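One chain, chain A, appears in both complexes that follow, with chain B as partner in the first and chain C in the second.
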Partner chain A sequence: MSTSFSLYIPRESGMHRLHPLTKLALVAFCLVLGLFLPGVWLTYLVFLLIIVPLAAWAGVLPPFLRAAFKTALPVVISVFLVQGLFWPGGTPILHLGPLSLKQEGLQFAIRSAGRFITVVSSFLLLTFTTRPDGLMLALSQRGFPNSIAYIMLATMQIVPRFQAKANTILDAQRSRGLETEGNLLVRLRALLPLVQPLLLGSIVDIEERAIALEVRAFGRQGPKTSLLVLRDTPAQRVLRWLLLLGMLAVIGWRLYLAIAPRLAA
Partner chain B sequence: MERLRRDFSTITLVMIPVAIAINIAIGQLVYTLKVPLYLDSIGTIFVAAVAGPFAGMLTGALTNLVWGLSGINSFYTAFWITGAIIGLVAGLFSRFGWFKVWWRAIIAGVITGLIAAMVSAPILTYVNGGVTGSGTDVITAVFRNAGLGILPSAFAQGVSSDPLDKAISFFIVWGVIRALPLRFLDRFSRAEDIR
Partner chain C sequence: MIRLRDVTYFYPRATTPALADVTLEIPAGQFCAVIGANGAGKSTLCYTLAGFVPHFYRGKLSGGVEVAGVDVPASSLAKLAGHVGLVFANPFNQITGARFSVREEIAFGLENMGVPLDEMEARVEDILGFAGLRDLAERSPFALSGGQQQRLAIASVLVMRPPVIVLDEPTSQLDPIGSKEVFAVLRDLAATDAATVVLAEQKLEWVAVFADRVLVLHEGRIVADGLPGDVLASADLTQYGLQPTRYTQVARAAQAAGFRADRHDLPVTLEEAVEFFR
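== the complex of A and B ==
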């Protein structure tokens, strides 16, 4: 996609037809599960039994898994290397030359990887199945400030243009003989002639845009109409409340697990 | 309330998406140059300097949310708190005139970087298992090997990169403010703090 800065994939699926707030509640539920479930393995179940089926239902499973894999892999590899091999004073279970894999470190790495995969894939699920403007409209209808919705949507439109501009400046400076490859000092010195035109050019532009918005009553208070119509159903409203209760229950369970031993002692 | 309304004037609201786009575009440009810096909060620091800590906070938080929820960099979403704190701290420095002199801007950047590392470390520890998935994890491994806890090691990793990164970012913003016409800067609510 070149016009918009998002991995959103339009599909005619049941998941896509859900009200944006329902999708937001589903994703928040997965996030809470990922962040607060106790133990080592439960978060992997959330990924396999909730997030992956939802992505499959939305018809975006292959690109979704690819994106999740790409984001999670460096962190997962690193957490196993850093925490698995360099855990201070752990029980060694496998010797690899001068280093050894520690049981405590391995357990921590498995738990952290599960949590990270669940958190990242929850966010990606929202991205792949929810139109940004639909989500912002749904939030504005519930009293979320219009100005924040404007900021989020305007940003998504501006970023691709800026990236194009950044590449143009990079090419222009290179054709004038600016060294952008070589040792660290050369690359650091290249930074200023690249960053400066991008910054000054884009900041000065905004004054005109501000005037254009002001004459169109941008700052006016009161309700605004939208071209986009969102569908909601009573069943979805019930589902959202249930998800909210579920989140509170998981957080409560985790708090109980943390506090109960201290109360008993 | 009145102060807030002036901070969030139309020109600030138009500036914020541009600032977020600057954060993202320069962040990715720096990434392609393979310089061990991020420079992904120049826009946030600029907004904080000209429109105060609240506008800075909003810019910082939304940068991470937009970048994260676009799916390009979903890793960033959880660090929206760090983004917000950078904007807040930069705005406070601006309030006390620290963007008027270049060396003060650099000191402010170093302090902001330390605070950013402090805020990021707990998130990094809880959500990412203490690692970033990038080259600086070597530092984390060294500190872990020396017997330090997960949180202190993650903080040490942040201290190795954030203060320098923010010092350079603050210096660039100082330069940008000098280069912009006063007539333009005067449209922002905190123009008197940076002149």
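== the complex of A and C ==
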């Protein structure tokens, strides 16, 4: 059984060695490009010319493409079907029986799909190449609350345990003759004897974990240190600022495009 | 090192005290075992020493509790961390979940205390060896057996070098092999004298081997206090809901049958039993 929800794939790559904030900035940059670039095709260029090469540099291209494909495909297909075929009015370019493919709908679908692919793949790139604890450490060092960083990290590892426990309880109740298969009503009724021990048990678990955290000085005020050392370089700091400026420029450009026609009028 | 004076404690909404008039002094470096039936107050005593009574469980505490020079009721949990280490029964719940390897899990407490990196690395390496976890250092803490996880929990507390370490039935949820692994670590800990150790434990045969002193709790009161050989072989043990070790039981049965009826020092360990029957 997997011990964590983390999608991180350990590799010895330049991408992996980047400071987590640099990767976060890269991903945010791609995200902004994906959401704000005008036109139909530009977002695909972001995916092909920035995100895919970065994934290749990180040495995670095959699993990255697989995951991106699996996540994006259902959404992309439904966007094309719904927008392409059911666009109100518009110019039909292909007749399919009672339905027709509309040019405007198709354009909208291509644009939305591009955005979606860019957003999904940039998040995947971040999670595939960044240790979650490294990212949280980098954020904590910049003033992000420790308790929230803890919750995010612990959730990744404890939720799979929680699922395992739910399965154990389910098996135990089943062995006592609990019906868990059948219609909706039967299944709903089966939830009750599962939820109660799971919740009560979890409350005890949380209490004990809170004690364990206190013992380990988690509540202590004052500066913390870290066994994990994040490497940062002046070049990366410059890159992060450039990426931030780039994001602002893209957003500014897009705003200008939106406002310019009105100014002219 | 540990000083309790007339300590009485009620959990919130409880009408009977979990601890009643407990007065106790444990000198530095002593390994003191606390035994007693379920509900006798062993866990409550452990939580009191570590400050979770009253700072976590609230309730009503009277009397004085001083541990490692700290007035516990007047202090806070954040201040007590590092002074008193606590290990309890469930190994899984003692894993923070915020670290992805055994080595990092051990370092968690030191990170929170702000220990410098080079010192932290040295202390973690040291403890990995002491707890026999070096080969598992890169593993996920969740991918360990119960005994390994419990050794990890002990190591995570030891690495903070608290002057007092409290263990509340650390083997009660482990299988025999896991228990044996944990007791081996505890025996090494007893041998170092580096810390004052309080161990609440039901497995009297282990207690007999390495405790310097045994306390018996019954309904929140200390009813016996002495050397393991005296306390564990005493005839009163059963009336407190405790079963003497099998060595004592066999020797007592032999005495009832007329064998060595003059002997008063009944065996509590294997070595003593061998000597008794020779």
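One rule holds for everything that comes next: the second predicted complex is superposed on the first by the 261 of 265 C-alpha atoms of A that agree within 3 Å, B and C clash if a C-alpha of one lies under 4 Å from a C-alpha of the other, contacts with A are read in each partner's own complex, and residues count from 1 in each chain.
Keep this in mind: a residue touches a chain if its C-beta (ideal position, glycine included) is under 8 Å from a C-beta of that chain, and two chains touch if they have at least 3 such contacts.
What you see is a predicted model, and the numbers here were worked out from it, not measured in a lab.
Of the two partner chains placed by the overlay, neither chain B nor chain C lies in contact with A:Gly97. Of the two partner chains, chain C is the only one that A:Leu227 touches; chain B does not reach it.
With both structures placed on the common chain, the touch criterion links A:Leu199 to chain B but leaves chain C unconnected.
By the touch criterion stated above, A:Ile158 is placed in contact with chain B and with chain C alike.
With both structures placed on the common chain, the touch criterion links A:Tyr150 to chain B and to chain C. Judged by the touch definition given at the top, the superposed model places A:Pro261 against neither chain B nor chain C.
Comparing chain C and chain B on the residues of chain A they touch gives the larger count to B. Of the two partner chains placed around the shared chain by superposition, chain B and chain C are both touched by A:Phe218. Looking at the shared chain after the overlay, A:Arg131 reaches chain C, while chain B stays out of its contact range.
Within the superposed three-chain model, A:Ser78 lies in touch with chain B and out of touch with chain C [touch as defined at top]. Judged by the document's definition of touching, chain A residues 6, 132, 150, 154-155, 158, 161, 205, 209-210, 213-214, 218-219 lie at the interface with chain B and also at the interface with chain C. Put simply, chain B touches chain A in their complex at residues 8, 10-11, 13-18, 20-22, 24-26, 28-30, 32-36, 39, 42, 46, 58, 62, 65-66, 68-75, 77-78, 126-134, 137, 140-141, 144-148, 150, 172, 175-176, 179-180, 184, 187. Interface residues of chain A, counted against chain C in their complex, comprise 3-4, 6, 131-133, 149-150, 153-155, 157-158, 161, 205, 208-229.
Across the complex, chain B is touched by residues 5-8, 35, 67, 71, 73-79, 81-83, 85-89, 108-109, 111-113, 115-116, 119-120, 123-124, 126-128, 132, 147-148, 150-152, 154-156, 158-159, 161-163, 165-166, 170, 180, 184, 187-188, 190-192, 194-196, 198-200, 202-207, 209-210, 213-214, 218-219 of chain A.
Residues 50, 52, 56, 77-78, 81-82, 85-86, 88, 90, 92-100, 103-104, 107-117, 120-121, 124, 140, 142-143, 153, 156-157, 160 of chain C touch chain A in their complex.
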